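Following this line, the structures themselves.
Presented sequentially are two complexes of subunit A, the first with subunit B as partner and the second with subunit C.
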Partner chain A sequence: MAALTAVPLLAILGEVLLRGYHQLSWAFFTEPTPTAYKAMKAIEAGEPIPGGIANGIVGTMIMLGMAVIVAVPLGILCGAFLAENSKNRFAQFVSYLTDLLQGTPSVIIGIITYIWVVVPMKGYSAIAGSVALCIMMVPLIVRSTEETLKILPASLKEAGLALGGNKARVMMRVQLPAAFGGIFTGILLAVSRVIGETAPLMFTALGCSLIRFSVDKPISAVPLLIWEFFNDPNLQELIWGASLFLLLFVLALNLTAKYLAKKWNQ
Partner chain B sequence: MNDKLYRIILFVAALIVPIVCGGVVYALATDAYDAFEHFGFLNFLTSSQWSYTAGNEQYGALPFITGTLMTALLALVFCIPFSLPVALFVGEYFRGTKVASVLSTVTDLLAGIPSIIYGLWGFFTLRPILMTLDISPQGSGVLTASLVLAIMIIPYVASLSAEFIKMVPNDLKEGAYSLGATRAEVIRKIIFPVAGSGMFSSYVLAIGRALGETMTVTMLIGNTNNIPDSIQSTGNSMASIIANQFGEADDLRLSSLIAIGLVLFLITALINIIGKIMIKRARIV
Partner chain C sequence: MESVIPILEFKKTCVSYTKQTMAVKYVSAAIERNTITAIMGPSGCGKSTLLRAVNLMHSLYQNIRVDGEILLNGENILSMEPIDVRRRVGMVFQRPAPFPTMSIYDNVLSGFSLNGIKLSKAEKDTTVEHCLKSVALWDEVKDVLNKKGTFLSGGQQQRLCIARALAMKPDVLLMDEPTSALDPIATKHIEELLLDLQKEVTILIVTHNMGQAKRISSKSMFMYLGELVEYGDTETMFTNPIDERTKAYLTGKMG
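Our next item is the complex of A and B:
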């Protein structure tokens, strides 16, 4: 029975690989999504659908980049607070809320970002999308930072303090560098978790068929494109290439994180 | 940087989390207020109407609450026969061996697959299989959605349960072995009673995850606004109705969708808190 759990993983990987690999080409990564009309023409003519998912890749990278820039320092600071004051009532309260936020369905993060960002800005935007991703990443980073800092030997911190460093200095120069492995792994896992998120982006980034670099306009993302392809019969051929790209990216991030965690633990 | 400033910076960073959580509840509640005021709180939760004919709009959350609970509970039932063996395998039988580490890598990777890809796989692979086997005539529906959901929650249940199985003290197990107990007996009489509450809490947390899963369910449940009357029929979950209609909704319908979001948030929050408290208690034992 236990071995059976490998079946879905292999089945999903196999299916996506088999149906998606022939779509991967240079153009698939450098050209934006074709219109449904163009795709229909190509299908009628028996040609492969032109275009690719470059608009999604660019959008994902922009939104992810902005989310990481905000979420990483915030998450690490908050995690450090929780690790330093683990007995404090307020810290325990924050810890509970972190779990709560982590367990919040992603579709609700989407609604919230819609209310907070899209409505005041009067339009869908890359900023809104990155806020949604950021809210999802923070609790993950808080948790991993807190847990890594807590398992560091107490003697490490004590030695730093004994040498005359104050708490801030010891945290910056001793504890955080020592915990770097765990924190970095946590960040990688957080990125891999949010990179495939679709629901929160549907009401925030919306999607766009152009390659865009502006942050105040609607923008696309790879999972959003997959959703678009799924709903548009003319573009359905493109699903598998986009999924293959996303799947390989996520699995590679996961495996890297696992490998690094193992390496740094030794 | 002196200690005081350092403490203040950390405190402010930590303050963000309660602010965001409070803001979530506040924003959902204010925007859902219209719907609750218009239909009445209890009436909104128990009405099964969902029609947006102009002039006679009727919105009720019951079909979606039922759909959500059905898919989540059914997913839990389907996931037990797979997650339990994995947990025992990794936590007890092959603890620390190569096989166990491969298996835990596999489950970790399963946890990493984005939900939209699970949805695609369910739609293009599992759905035709269910149709040809005549298990589900329409293909889409509660059954299909919960089967895929089950696969998605196996990793969480398995890894958390394995953790609790590993925590069972060795002297208890050794004591049982020395009295002549077989491995199966040790599992039944020692591991289950000792790790049971922890394992149970992992199932509770898994339900919390299944309740809010959006894309997979949206792609597989069939998206009809009725109360599903059997596991084969189609329906909608709270998350899927939001995903389906949020983009095109305005005014009262938007408010109703946000109200559904609020209910979903409260249910998942409640289940998560119960699960976490149970885990804390289980860890002390």
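Our next item is the complex of A and C:
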């Protein structure tokens, strides 16, 4: 029975690998998406489709980076507050809201970000995309921070306080460093969870066929590209290379997270 | 006759976890300066609870009430700021708890960093050396000061925790069964160390081990069901206990 649960994952991995591996080349990671016309020409000539997904990779990294910069401190602060005040009514309420936010469908987060950010800024942008990703990451980081802090031995905190430290200093210098492994694992899992999100980016980042570094203009992302390739008969060949890249990236993040969690538990 | 203010005095100290039950009931006792005072008694008699009242550990938890007075050099700590009390009253826990992310060096200085006190490099070096020497750990660790505290053996970790507490120059050192997680050799080291340290600091030690109380303490308290049954010279208590309950405990009929 247990083996059955592994079947879908292996099947997906096998399929994507078989269809996608021959597209992976240096150019695939360094060149932007080709136009449909160029792709059509290449297909007619029987050549491989030129270009790659560099615009998507750059966009994904920029938006993830901005989301992480905001979500990590916010999530850790909130998680620390919840762990320290688990009996407080307000904290219990916030904790409940965190659960709700975690369960909110990503398409709704997308449309809300559209109203909150895209409309006032009068345009799609990397900023809007990162806001949507950030909203999705915060509850995940809050939870992992809270859970990790709660399983630390109470003696650690007491030892810190017994030396005369105030709560904030003991949190910053003793508890959070001791919980670093668990929190970092949580951050990696949060990143791997949102990196493949497509729906919220459709409402916010929109997409772009150029490699762009500006944060106030529409920008591409790897999952957005997969959707675009699917909708263009000339580009469909590129779906698998992009999917393989995304899959391997998430897999690598998960393995790193698992490795760190194990190392930290020792 | 000149009256000397005891370094630490319990006056009708009560601790309760719930409204109905008191874990420590009306304990009154004056602790003498530069002595080792042992608190003995069977499990659940309130000895750790009494000890933890002295550095206001109970204030971390809602619902725990401490009543009466606990005087530190004549000043009631129950009306003082917990942070001020804890700087003057050090504590060593049952399980050695060096901070796992800090080096041996930083562990000794953690009291300063946690209080936001900045020291010069020279001050740091002398403090670390002095404190580690006073717990007889310096020779063993002087070449590995940058390693993590958790890299040491259990007994060494506990001595590191004592050094960490001593660095703050406390008036009183509270010890909650500090050797119960250690092997006999490490225990012996710690006991010798405590006998030495009483010149510098007044030690209040909770112990399950009657032999230990006899070996190191000059005064002993015997607690039973939250009450302080007997308090006096250790030697007298072991040879000629006044209360029947003390006698029953010390002869192994109870406990």
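The rule is simple: the second predicted complex is superposed on the first by the 266 of 266 C-alpha atoms of A that agree within 3 Å, B and C clash if a C-alpha of one lies under 4 Å from a C-alpha of the other, contacts with A are read in each partner's own complex, and residues count from 1 in each chain.
In this text, contacts are C-beta pairs under 8 Å (C-beta built on N, C-alpha and C of every residue); 3 or more make two chains touch, one makes a residue touch a chain.
None of the values given here were measured: they were computed from a predicted structure.
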item: Side-by-side fit of subunit B and subunit C on subunit A, or clash; value: fit
item: First (subunit B), second (subunit C), both or neither touched by A:Lys87; value: second
item: Partner chain in contact with A:Val117 - subunit B first, subunit C second, else both or neither; value: neither
item: Partner touching more residues of subunit A, whether subunit B or subunit C; value: B
item: Partner chain in contact with A:Leu238 - subunit B first, subunit C second, else both or neither; value: neither
item: Subunit B versus subunit C as contact partner of A:Pro139, first or second or both or neither; value: first
item: Contacts of A:Asn166 with subunit B and subunit C, given as first, second, both or neither; value: both
item: First, second, both or neither for A:Cys78, with subunit B first and subunit C second; value: first
item: Closest Cα approach, subunit C to subunit B, once both complexes are overlaid on chain A (Å); value: 8
item: Overlap of subunit C and subunit B interfaces on subunit A (superposed complexes); value: 166, 169
item: Contacting residues of subunit A [partner subunit B, same complex]; value: 1-6, 8-9, 11-12, 15-16, 74, 77-78, 80-82, 84, 90-91, 93-94, 96-101, 103-108, 110-112, 114-116, 135, 138-139, 142, 166-169, 171, 192-193, 195-199, 202-203, 223, 226-227, 230, 239, 243, 246-247, 250-251, 253-255, 258
item: Touching residues on subunit C, where the partner in the complex is subunit A; value: 55, 57, 60, 62, 82-84, 86-87, 90-91, 93, 95, 97, 99-102, 110-111, 113-116, 161, 164-165, 168
item: List of subunit B residues in touch with subunit A within their complex; value: 1-3, 5-7, 9-11, 13-14, 16-18, 20-21, 23-24, 27-28, 31, 81-86, 88-90, 103, 105-110, 112-121, 123-125, 151, 154, 158, 205, 208-209, 211-215, 219, 239, 242-243, 246-247, 257-258, 261, 264-265, 268-269, 272-273, 276
item: Residues of subunit A that touch subunit C when the two form their complex; value: 87, 153, 155-156, 158-166, 169-170, 173-174, 177-178, 180
